Each structure stands twice: as structure tokens, then as C-alpha cells.
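Heads up, the next two complexes both have subunit A, just with different partners, subunit B and then subunit C.
Let's look at the complex of A and B:
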């Protein structure tokens, strides 16, 4: 007698999440201000006859935007999950070691001093994010105590300094334009995503993602204490450096063209852990899928709720903050 | 025992301070009580006589505060660009003793009142320097209503503040009228108003029978930021015989849209706000916008900023309407016609001559 093997609960979760993600993706490519009907989408995907403008909007704007929200959600969530693991802190986010603040400062500098062109902002934000993290790493090396706490403290120092410089720039910024541009950048948006922008960051995103996935076992071991890691033969310092480097590359390249996106990097890893009830590579990947799903839904709402675009962080915050409150209550009860 | 020893000197100090504060308080005029409910509100003025001996002006400003002036204001502090521009247009440049920060970034000041650049700065809308204002001992400070808290502090220091909110043309001229009355320059204000009204009539006549093109008005920091329906630029577009494609966005500030939205709007003309950080060439070459009528017809224009930004409610705001009319309907009002009008305006009200070539596009 032949018995059919039931898929494991984890496989079921992968299948359900992947299904939801595909559904959200296809729903999202049907949403936008430029009218593209489901019939148009069918014709576009099957090489049918549609106007060149519709074709251009679909392939240069709509598809890259949905892909970008997917990549951003996946990347930020994986980075968040990695940070939470290696810093042994459930509230760790990319901002903990200064990458977001550095990128924010980079964008503010470009807006103030380089006329605020979109390419200048993206490049400056990327450089700002990377410099901030390397400065935090340098500060940790200078310290006698090279523990995780020192690294987190160095990140806080760099974040605070970056925030201080941002405030200084805001004081001297033209209130109507430069200040407004800085504020808007810090709220994140996918409104200006184009195919070219997506392509420009893709190599960095891929290097970051592949690097983190290759180091997945070491990342799990970094959740142990440094002594335990060393006793297992892991060069803890070196691995942590590369993990931070790849995560930084991932986050900095994403936020350089989207602006800051709140909460996704915090809540998606928690949902991922709730789904797997453990903290391993599956958690990392499931967190990424959850983040991608959340950000595709958030961006679909951001471009359709009002006549103009809503900044993406408004929606992710409305999703993230209540969830954080729920976690607090649950923690207290347990 | 020790407590009694300490109590005596402390009481003496408190008494001395009370006497001192009472003396200071007696030297100050008590602030005029606010308007009573039922009284006539904004625009309620009473200029009984322009002779200085009988001079009395009572004004209820845009914060509904009643102000009384019994002599024309001679030492004026201006809190922001719009009030400074108003003072210049009324020929009051020489009476201005303090000005907003970043004056050097305003081309108009260099052209019409270079001495503004040497005046003490009183800070900005974000960080008003109240002590700097007090040190200048002005008899009139003109500030935006947004600085309500600072206005209250200045009022407590007995410094007269006119709070203005010129977000529409009507409120702009209301504020100009108030300043004119307080400074005894009513004739000049009337001249300014007459110029504005005459040009509005001329534009309305010229636009008879003209079909209105659709306009996308882009913000100066980003092509994808645009005017919402409660902004001054919407009125300007209507007055210039155009239809704003973003009139469905209900807001009071710049709104962000997507490329898709801009393509869906498909405007006939794209206008870039003054001092845009990107050029019209960049817009015309943007691969994502090919297919839009305005791009296909090369109808993308940068609003001039050689003198000032005319897309805001300022005394020269009429020039924004005229410039846009010349862009949208050049068959009835050419760029040369506009240049002549703009030159005339600055000669009359700001006392300087510009090369008309600065206005052509």
C-alpha cells in the first residue's frame, strides 16, 4: 500500500507565503494611476498589441516599482533578521549601527549642497550609510572592549552624530524646498522608481544577499556568545565584520533610492520567528518573504489610497507600531 | 534662629524685585485688548487723518488682534520674504531696520534695496531671534501668523507686531493696505492695487475665446512634486487661462505623485517652479516621460527666477499670472509684451530697471 507523504509544516508555510507573494505581486502590477487593464497586462505578458506608452509605463515604471518593493521588503527584513541575531537584540534594526542615519545624512547633504538631483541623493545616501557603519566599526576597534555592546554603542554614537548634522543642515535649509525634500526623503517612497534606478542598485543588493546567505551558518553561530563561537573554531570578529558589511551593502543600496522605510526590518523577522518558532536560515528566508509581502501591500496602498502618493513609512509604521505594542504586551504577560 | 536670619534678607530681596518689576511694568503700555466678539474683524481700519498729529490707525490683523498706532511707523522689522517685498513695493525700504535671515539669497534685494544685505538679521521662520528684534526697538514688526508664540512674547515686550497671512491675493492686498495705513503710504498701495487690477482685466479680455491647455506645475525640488488644489499656483494657472491637471489633489502643500500619474495626466504644458534644481532639458530627455503631449511638443518651461519667485502671493505675483499667460497664449500676449509689463512694474514699484531680455524664454 502506497502512502502519500504530507508536506512538513515548514514547507506548507513556504508554499502559503510564496502563493500570497505571487498573488500580491500580480495584484500590485494591476494597481496604478496610469490605466492598465487586466486585459492589457495579459496582452503585455503574451506579446499582444498594446500602445507603446502603455508598454513603456508597464516595463519601465510599474514592473520595476513592484519588483523594487519586493526586493526592498525582502532585503530589509533579511538585514533586520541578521542584526537581531548577531546583536542578540530583538529590537535591533538597520539603524542600530548607523546605516539608516548615515544614509539620511548623505541624502540631506546632497539635497543641501548638490542641488538635490535624484542621482546625487542616491549616491550620497549610499556612501553616507556605508561610511557610518565603517566609522562605527573603526570606533569599536579603537575601544579596549570589543564586545557586541561596544559595537552597538558605537552605532548609537554614529547615529546620534548623524542626527546632529542632519538637524544642523535643517536649520540652514531653505524651508520651502530643501527642508521639505529632506523630510520627504526620510519618509520613504517608491514613487520615483524606474527601471534604470532598479538596475543601478541590483548588483549591490545581490552581493549583499548572496553574501548573507553564504554566511547563513556562521550567522546562526554568532547568536551564541563570542566564547562559544570561538570554541567552535569560528573567527567571530572577522565573520561579524563580513556579515555587517553585506547587511550594510544591502540596506544602503535599497534606502539610497527609496528613502528610509520604517519598521519592516523590525517586524518581519519577528513574524518569521513566530512562523518557524526558531532562529535559523529558514527564519531568515521566511522573514524576507514576509517583509516582501508587507511592502508590496503597503506600496499598493501608498499609490492608491489618495490622489497623490503617500510616503511608504506612514503605512509601514501603521502596521509596525501596533505589532510592536502587541509584542510588548505579550512579553509582559509571559 | 538660623531660619529667621536667612528669612530677612530673602524677604528684602523679594520686596526689592517686586518694586523693580512694578516700576518696569508701569513704564510699559498695556497691550491693546483683543477684538471683542461681535466687532468687525479683519480689515477693520480707522485712519482718521493722515496728518501725524491726528494720526490714528486701528487694525485687526490676521490673528484677530487689534492694534492701534498713533504715529506712522518709522522703524520697521520684517520677519520674512513676503513682508520684506511688501515693504519695498510700498517704497519703505529706508524705514526697514531689521530683516529675515538669508537675505543674500534674494536677487530682488540686491537689485532694489542693496542695503538690506547689511541690515541686522532677526532669524528665520523656524528660529526667530526675539532678543535681536527687541534690541532694534522697532515701532512695527511684520511677521507671519505662523509665529504665534513669538508674536505673543513680542507683544508682552510691548513691541507692536502685525501678524499677516497673505496666502491669497485678497489677503495679500489686505496686508498691504494695513502696512500702508500704519506707515502712511496709502497712495502707493492704491497704485499697486490699481496696476494689479488693470492687468487682471487685460488678461481676462485677452483670454476671451482662447481654449485652455492642461498644465502640470512641478515643484522646484522634484519633478514629481506638484501643486495641490489649495495652493496659490492653482489660482495663477486659472487666471492665466489654463487647467491644472493636479486640481484633484486636495491639500495645501506640494504633493508627491508617481511617473505613472504624470503620464496619466498627459499635460499639454509642464511648468517648472522658479529655481528648480533640475532643468527643462532633463525633463525633455527623461525616457520615462516620452509619450506625454508636453514632451512631444517640447512645451516644458522653467519659470524665471532672475528677480523673484512669482508663483507665490507677493506684490509682484501678478507677473506670475502674466508670464504664464504669455507662455500658454503667446498669440494674444507675447513674451515681449510680458517683458514690457514686468519692466514697467519694477520701474514703478521697486525703482530699478531690468534688461527685458531677462524675462524672455
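Let's look at the complex of A and C:
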């Protein structure tokens, strides 16, 4: 008699997460200032009869927005997981080398000097994020010591400088419009996501994701000390450079159109490691799925909790900070 | 075969040990002995390629490994640090699989065949029942055995061990040294190990190289020893010592005050 082979625990986790993600995705599509009922969603997907307004909201606003929250959650979590691995620090975030501060400065410059048009902000934020990271990498090359500490210090230098310039811009900004725009950008939002914006960043997101997934084995070995990594044949400096490059493309492209999103890149990898009890490619992918789920849920709440939309980082902070507190307690108990 | 020719080692512009010349063969374990700061680890790390040499050559089967890139060198030399640096939970099999990395392309991951080879190495060190356990849950001695298995998987003809016993208790120290000696002999590798305890070197190693005052003081085969010669050599570095014989084994003891 044939016995059915049970799926492995890991496969079960993938299936459960994928199912939750699909459920969250379709639920999220219906939520917003213009709610779309499940019946209308079904009709939209099967070519049924739906009002043109519903169609417009669905295709031009809701689908791009929910897809973007999925992509942003997935991408930021993977970048966070990778950084926690290669910098051997479970508290590392995608902002470690300064990409977020650089993007923030880029956005602030666009708001102050280029009338704050959405395209100008996105392009400026992307360029700002990339320049910040390359400047940090350049700083590490000037240092005689090429260790993890050097990278972290360089990131702190660049982030601090960027924050200094942002503060300067805020001092001279018009308080009614520019200052408010800068503050809201820094809190993150999916409200202005459109299909065109999503498509414009997709190439960078894909390059970043594919690059990181292709280097997954090398990333795994970068969790060792540089000495051990080199003795096992890893060109540590080169791999670290490419990993930072791909992660930067991924994060910079996401935050250029969403603004800053806090905590997802920090907590999703922890949940991924809790689920897999290891730190490998499965952890990376599961972290991404967890991050996508968290962000879809957060964005759904952001759109529905109050009359006016809440910036996304408020939700992710109120989810992320208590979770970190819980981790601290678990750590103490273990 | 490993041949060190005119090697000088150091860092930050300072020469620590100079004019090093020795060779060692497959199936033999060579100990580097000396006081703290003598340059044993600097020498070992330079041979492994982790530090740049000041001058000289390191020939493995005729190939100067000091001129190779890390990836290529990883096929000739394996290096075992004092303590592994793994901080995240990882199955034991995956830790051993890391030894396959010098043979993998930039975007390649280990295959089923590589996993089978990793399990064979785990079997060689007697850790089969821990294959799927988390590395971090192992004892220190068990962790060192897994790192030995990882280094075996590298299939490097020269295996370098940097005080692998330093964090281990008496029992585990002898366990790991015994295992290293056995594997070097039966897998026909060339082994170099830095040790603090001369008695461990006398018991487990085939050759001892003494590093002292910036140079190689002496080099001798442990299978053809002279008690007086031993006393003369070790007195230079350890001061007031005596050499006693116990069951055909020489041991260095501190002279009573």
C-alpha cells in the first residue's frame, strides 16, 4: 500500500506563508477610501461587469499599491536578512551603510529645490541613496583596516552627514509646505504609488533581488569571520562589495517611491530565522515572504484605521518595536 | 608535500620571524612550538595566505601558494582557526559543506553529490548522529570536530590548525589532537599545527619546529629523540625544565622551585 509522503516542515511553512500572503493580497485590494467588494474583485479578475470607476481604482491604484507593498516588504526584508548575515549582526538593517539617509537627503533636496514633484523626488531619492552608499564604500577603501567595523563606521559617518544636511534644509524650508513634505516623506507611504512608478523601479528591484539570490551561497559564508571566509576561498572584499551594491539598488529603488519604511528590514529576518531555525537561503526567502505579509497588513491598516491615511512607518514601528521587546525577553529567558 | 623557502613573516612593517626553511610530507603532522608572541600564529597565517609574506615562498606540491588568489589557494591549503566564528544557527551538514566553496562557481550552490561528500566527512570524524543538528548546540570539542570535517572536505593536501585545542578541556583536547593525527595519517594529508604544550607536540606530532627570538631555533623528528638534546632545546625556551620518560614517551616537566 502506497503511503503519502508528508511535506517537510519547511515546505509546510512556505505553503502557509504563501497562502496567507495571497489572502492578505486580495483582502488588501478591497480596503481603502473607495472599498472594492470581494464580488467586484472576482468580477474584475474574471472579466465580469464592473463600473469604470471601480476598474480604474483597481488597476491604476489598488493593484499597483498592493503589489508595491508586497515588493517593498519582500525586498527590504531580504536586504535586511542579507545585511544581518554579512555584517554578522542580528540588529543590522538595510540602512546600515547609509542608503536610507542618502535617499532621505535626496528627497529633501528635491522638495526644497525642485518644487517637490513626485518624479523629481523619486529620482533624487534614488540617486541620493546610491551616492551615500558609494561614498561610504569609498571611505572604507581609504581606511587601512578593511573590516566590518570600518563599513559600519563609514555608514555612521555618511548617515550623520546626510542627517546634518537634512536638518539644515529643514531650518530654511517653508514650514507650511516643504517642511511638512519632508517629514511625511520620511515616514513613508504607499498612497502615491501608481502603475508607472511601480514599473519604473522594477528593473532595479529585479537586478537587486536576482543578484542577491545568485550570491546566496557566498552570502552564507560571509557570516563567518573574514579570515575563515578567505581560508574557504571567498574573495571577501569583492563579494561584500557586490552584495552591498545589489542590496543598495534594491533598497534605494523601493524607498525612492515609498519613502522610508522602518523596522521591516530588521524584524522580518528575525521571524525568518525563528521559522527556519537556521540562516540560509530558505531563511532569506521566508524572511522576504514574512516582510511582504507584514507590509501588506500594515498598509491595509494605514488606509483603514483613520479617516486620513497614516504614514506606513507609524504602523511598522508599532508592530516592530514591541516585537523587539518580545525578542529581548525571549533572549533573557533563554 | 609542503616546502617553505626563505620565508619571512611579520606585519605593520615589523619582521616577526625570518629566514624560515623547512619541508614536511604527506601523512605527517608538524608542530610549531614557541612562547606567546614568538610568531607561530603569524607564520601559520602567512603559510595559509591570510597574511602577506615579507618575502619567500610556500610550495605545495611544487606550486607557490602565496601567489595564488584565495579561491585557488583554498584547494591547496585548509586553515582551522582557534575558534569557529559561526554566530547563526546552521545545520552541521551545511557547516561542513562550506568546505566545498573553493570548487564552486560564484553563483553556484552545493549539489546533492557535495552533500553526500559532506556526510562522508562527518562520518570520518564520528559525528554522524549530529548531521542535522544546529552547529551552535554542539559542545566546543564537537564543534572543532565539525570544522576538521569541513577542512577535510576542502580536499586540500595541506591542513593548517591554529591551536585547535585552546578552548578545550583535558579530555576534548586529547580527543581533537588524536583525531587530527589519525586523519592526517589515514587521509595522507600534510598537517601543521600550532601548539602551546610541548608534551602534546611530542605525543601527537611527527616533527617539531621551535620558533624562538625571530627565527627557527631548531627542527627535529619526534621519532628519533635524544633526551639530552630535548632538554637542551626546551630549556632555551621554557627555562628550568626537566625531561622524563613515561612508557616510551618523553615528557617535559617544570623543575620544582
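The rule is short, and it goes like this: the second predicted complex is superposed on the first by the 333 of 334 C-alpha atoms of A that agree within 3 Å, B and C clash if a C-alpha of one lies under 4 Å from a C-alpha of the other, contacts with A are read in each partner's own complex, and residues count from 1 in each chain.
Basically, a contact is a pair of C-beta atoms (placed from the backbone, for glycine too) under 8 Å apart; a residue touches a chain by one contact, two chains touch by 3 or more.
If you're wondering where the values come from, they're calculated on a predicted model, not measured in any experiment.
In the superposed model, A:307 lies in contact with subunit B only, and not with subunit C. Considering which of subunit B and subunit C touches more of subunit A, the answer is B. When the two structures are aligned on the shared chain, A:214 is found in touch with subunit C, with no touch to subunit B. In the superposition on chain A, contact of A:57 is made with subunit B only, not with subunit C. Contact with neither subunit B nor subunit C is seen for A:49 once the two complexes are overlaid on the shared chain. By the document's definition of touching, of the two partners only subunit B reaches A:32; subunit C does not. Applying the stated contact rule after C-alpha superposition, one finds that A:189 touches subunit B and leaves subunit C untouched. Judged by the document's definition of touching, no subunit A residue lies at the interface with subunit B and also at the interface with subunit C. Across the complex, subunit A meets subunit B through its residues 32-35, 52-53, 56-57, 60-62, 65, 111, 115-118, 171, 174-175, 177-178, 180-181, 184, 189-192, 194, 196, 303, 306-309, 311. On the subunit A side of its complex with subunit C, the touching residues are 85, 88, 90, 214-218, 220-221, 223-225, 227-228, 230-236, 273, 277-281.
Of all the residues in subunit B, the ones that touch subunit A in their complex are 102, 105, 124-127, 219-222, 224-226, 228, 246, 248-251, 253-261, 263-264, 275, 277-278, 287-288, 290-291. Those residues of subunit C lying in contact with subunit A across their complex are 45, 48-50, 69-75, 77-79, 81, 84-91, 94, 98-99, 101-102, 104, 106-110, 134, 150, 154.
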